[in-house]
Amino acid sequence: MPDRPAVPSVTSRRDFLRKGATAAVALPAVASLAACADTRAAAPAAVQAPAQAPPPPQPSARDKADAMDAMHEKGIKAFPAKTEGKGNQLLEPKLEKGVKVYELTAEEIDWEVEPGRKVRAWAYNRQVPGPQIRVREGDRVRVKLTNQLSQSTSIHFHGLELPNDQDGVPFLTQPPVKPGESFTYEFTVPNAGSHMYHSHHNAAIQVGNGLLGPFIVEPRRPLPAHRADVDYVMVLNDGAHGYTLNGKGFPATEPVVCSRGQTVRLRFMNEGMMIHPMHLHGMHMTVIAKDGWDQPAPWKCDTLNVAPGERWDVLVRATNPGTWAFHCHILPHAESEHGMYGMVTALVVQPAAV
Amino acid sequence: MPDRPAVPSVTSRRDFLRKGATAAVALPAVASLAACADTRAAAPAAVQAPAQAPPPPQPSARDKADAMDAMHEKGIKAFPAKTEGKGNQLLEPKLEKGVKVYELTAEEIDWEVEPGRKVRAWAYNRQVPGPQIRVREGDRVRVKLTNQLSQSTSIHFHGLELPNDQDGVPFLTQPPVKPGESFTYEFTVPNAGSHMYHSHHNAAIQVGNGLLGPFIVEPRRPLPAHRADVDYVMVLNDGAHGYTLNGKGFPATEPVVCSRGQTVRLRFMNEGMMIHPMHLHGMHMTVIAKDGWDQPAPWKCDTLNVAPGERWDVLVRATNPGTWAFHCHILPHAESEHGMYGMVTALVVQPAAV
Amino acid sequence: MPDRPAVPSVTSRRDFLRKGATAAVALPAVASLAACADTRAAAPAAVQAPAQAPPPPQPSARDKADAMDAMHEKGIKAFPAKTEGKGNQLLEPKLEKGVKVYELTAEEIDWEVEPGRKVRAWAYNRQVPGPQIRVREGDRVRVKLTNQLSQSTSIHFHGLELPNDQDGVPFLTQPPVKPGESFTYEFTVPNAGSHMYHSHHNAAIQVGNGLLGPFIVEPRRPLPAHRADVDYVMVLNDGAHGYTLNGKGFPATEPVVCSRGQTVRLRFMNEGMMIHPMHLHGMHMTVIAKDGWDQPAPWKCDTLNVAPGERWDVLVRATNPGTWAFHCHILPHAESEHGMYGMVTALVVQPAAV
């Protein structure tokens, strides 16, 4: 396959993504992987055989096929495409007398889902998903919500077993937070795991428009078996912005990048209205936790059905080098006649560092 | 939060629900829960901060927000709202020579789903869901079905491993039961668990209209680990009557009520056409059985995906006092701009009795 | 039930199916099963009671009910109905120097989904699903794809952990295979289990139209606990051809046939765009594997939710004789007012051979 671009000199995930953020980086070409010994069997080069079947009846059929293929190629070559704005960025707290303080402002913004496609979004801190909060079991946390929207709102910490008055359900546990007002939540983080925060007021609309984010709680005593080199949160959505992973549609989605031999922890979270069975090519996923609770025994799969409100944590042993398609297997959420779009990204397993 | 009503003097689930059936009982106010020591950490009162952000540009925005909030408040304040008719009521059998005899009449009725919204329903014994049958493994059971509908019908005992001629599939295992006729099923109950009975003739219509009910089989030797203080069957539906829990939409749904320290067993059953990932706030659920069969090891979650035809049994340790939202997390099944509706109820954990 | 046909003299699954392929074979009548001792309890004959309820007001209601019932009866009596074409047929490889060689030709054909309903299908080797490939862990396999379609295509081996350049994703791991051209995949089979092969180019359309098939990998060391007498692959689909099991809609679906006392292994695969909770009557299923990976502990159910891209392997101990309905429990996928259709088949447990 000599028509493939050479492998970019990518040495780390950070490096890869930095380049990805400034230019459309060519994907690591599979050609380069021929040099990598396969642990199971030698892989022969794929053979492009000469045409043995009769040509299609009309010459225009081939032209149409070429035109469709060009659209597909364009999407894949553009990946990871640069767009304005990035959600799910780690939010550093301010420390006030031992309390981790987070400030979240809900406001309406423009959000670029794919190159050139801008939508109106309701966002926390101008990000979709909102910034990632990552704390430790037992931490004291204060979250100050400021409402710059035209509707009242609230925050529910989905999965955290908080005292009732911190649960964020207007009229049941607190008054709604009116436009222009603020509300402060404060609690000691009770249970570890992959959780979420989102609006619980007019939520079908407000969450669908982007008022959601990941709330990760590291356990006080992490299990050695759960140690990972890369820890990646993937928020699925299918609301007002279309089919998205972390607020972006392919080719603007972010690849998950690791080196061969590393372990990747993926934290799937569904903030949408449909199930999304996420399929990873090339390697299996070992499921270790559901909604932040360890499964009694890990189990393996390559397609994991993630329902709205669910969180699933999996580990991937990156044994198989290459750039691997990674997408929702409800195919209309991932591909059209114009090429891949929506809930598609890639797991990039780079050759091990030397 | 001084605008909250005082806690009603509710001392038991029965008492709570009896009051709930005669008047719109105010929910236990969260204010009262401040007096309850929290086992994990002291919970500070939520702080309603003075407005620090600039007011929204147009005064009418606030008016619109207030109007929306008023609709939301009205729904929650009405919960649990009184409606005519109650489904899933325990049906006491007649005993005939050691056989438990149940009579079920299928007929068309008016059914009040929410206050003032009446629909046509096809019901067993004028209930949606039909009356709850609760027997013991090994019991001899006779079920006499009388068909007062304008269509033929039948009953399939979904989950019971019956002899083939008791399986209720017209033309495959029995003739259809014609309008005006009766059919008697009789069997020895073979397997324990949370099962269902429903029509298996023109079923997409007949079950969608209400011909369904729970069939609970207590095991001969219950596991001590499954002992529960409250045993609650929750039938999910999304057919002709909209999104319902036990035949009612919020705010006419029934809260699940327990005291702090108790264990609640929930038996989810989906008789609809869509998945419903049920999300409990404030506490996790420990999944113990699927379709009536014990899981090899219990596992925990806060959002449980229940597919059509499935039954899932979970235990909840009621450690966290308060009134907790409990709803399908496909948000359009639970909330609109007019407030919560459909598949929403609450788990009410009352302060432990003194 | 004297109106039932006598049991056909069926002595084996092969015999049953051969007859089924040439004529509409009557189902084993339940009447005959009365002779079979039940292991749990004696089953009384169902009693058709005389009408005790008043007759329905208008005579025409009964006529309408009879007319509807006649449509339902017609469908069940026609099962298994003869149609042209059969998918999922075992494909024998050519052996070339120790390599198992399979040839797959993608082309557009007419496909009879139900008696008289023909659709355009995109098929491998003129079958929907494509022919079943069944190999052993560690086998060397060559698959030559010839594209006779008017669009480019490719094959992704869904679930196999192949070297990247054999993964079948155009522009990511290989060029698209143009109309009239061929492409050869070759690999050593890395992991056992129930896998699939399908197009990964314009896949929402191409897979929806039929470019899919099962790829079964027998383990090198099969677990004795997984031994089965019947091994049946059931591919679910809901694309351009409607709701199908192995490419056919009821009554043209194929029954799964076994003898009492046998063990049946079912391999569910969802190649569609919706979940399908498959419900078996009369016996439970023991789930042993997900996506080809053994579950850490087997678990039981009677309704198994199969999401797009997932494969689930279950064992059924055929303890309960009779012809058992077996269908998707999203009822509109299985029944209309005109009778059963779509995703419905039967598990036929014949009396044990003497």
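Lettered A, B and C in written order, each chain numbered from 1.
The criterion applied here is as follows: a residue touches a chain if its C-beta (ideal position, glycine included) is under 8 Å from a C-beta of that chain, and two chains touch if they have at least 3 such contacts.
No experiment lies behind these values; they were computed from the predicted model shown.
Colleague: At the subunit A/subunit B interface, shared numbers over all numbers used: above half (same) or below half (different)?
Modeller: Different, since under half the interface numbering is common to both chains.
Colleague: Cα superposition of subunit A onto subunit C: how big is the rotation, rounded to the nearest 5°?
Modeller: About 120 degrees of rotation relates the two copies.
Colleague: Could you put a whole-Å number on the gap between the CA centroids of subunit A and subunit C?
Modeller: 34
Colleague: On a C-alpha centroid basis, what's the spacing between subunit A and subunit B, in Å?
Modeller: From the centre of subunit A to the centre of subunit B is 34 Å.
Colleague: Going through subunit B residue by residue, note those that touch at least 2 other chains and give them in order.
Modeller: Touching at least two other chains: 275, 296-297, 305.
Colleague: For subunit B, which residues are in contact with subunit A within the complex?
Modeller: On the subunit B side, the touching residues are 1, 3, 27, 30, 33-34, 38, 40-56, 61-62, 64-66, 68-69, 72-73, 76-77, 275, 277, 279, 281-284, 296-303, 305, 320-325, 329-332, 334-337, 346.
Colleague: State the interface residues of subunit C toward subunit A in the complex, per the touch definition above.
Modeller: The touching residues are 105, 140, 144, 146-148, 150-152, 156, 158-159, 161-167, 169-176, 178-188, 190-191, 200-205, 207-208, 273-275, 290-293, 295-297, 305, 307-311.
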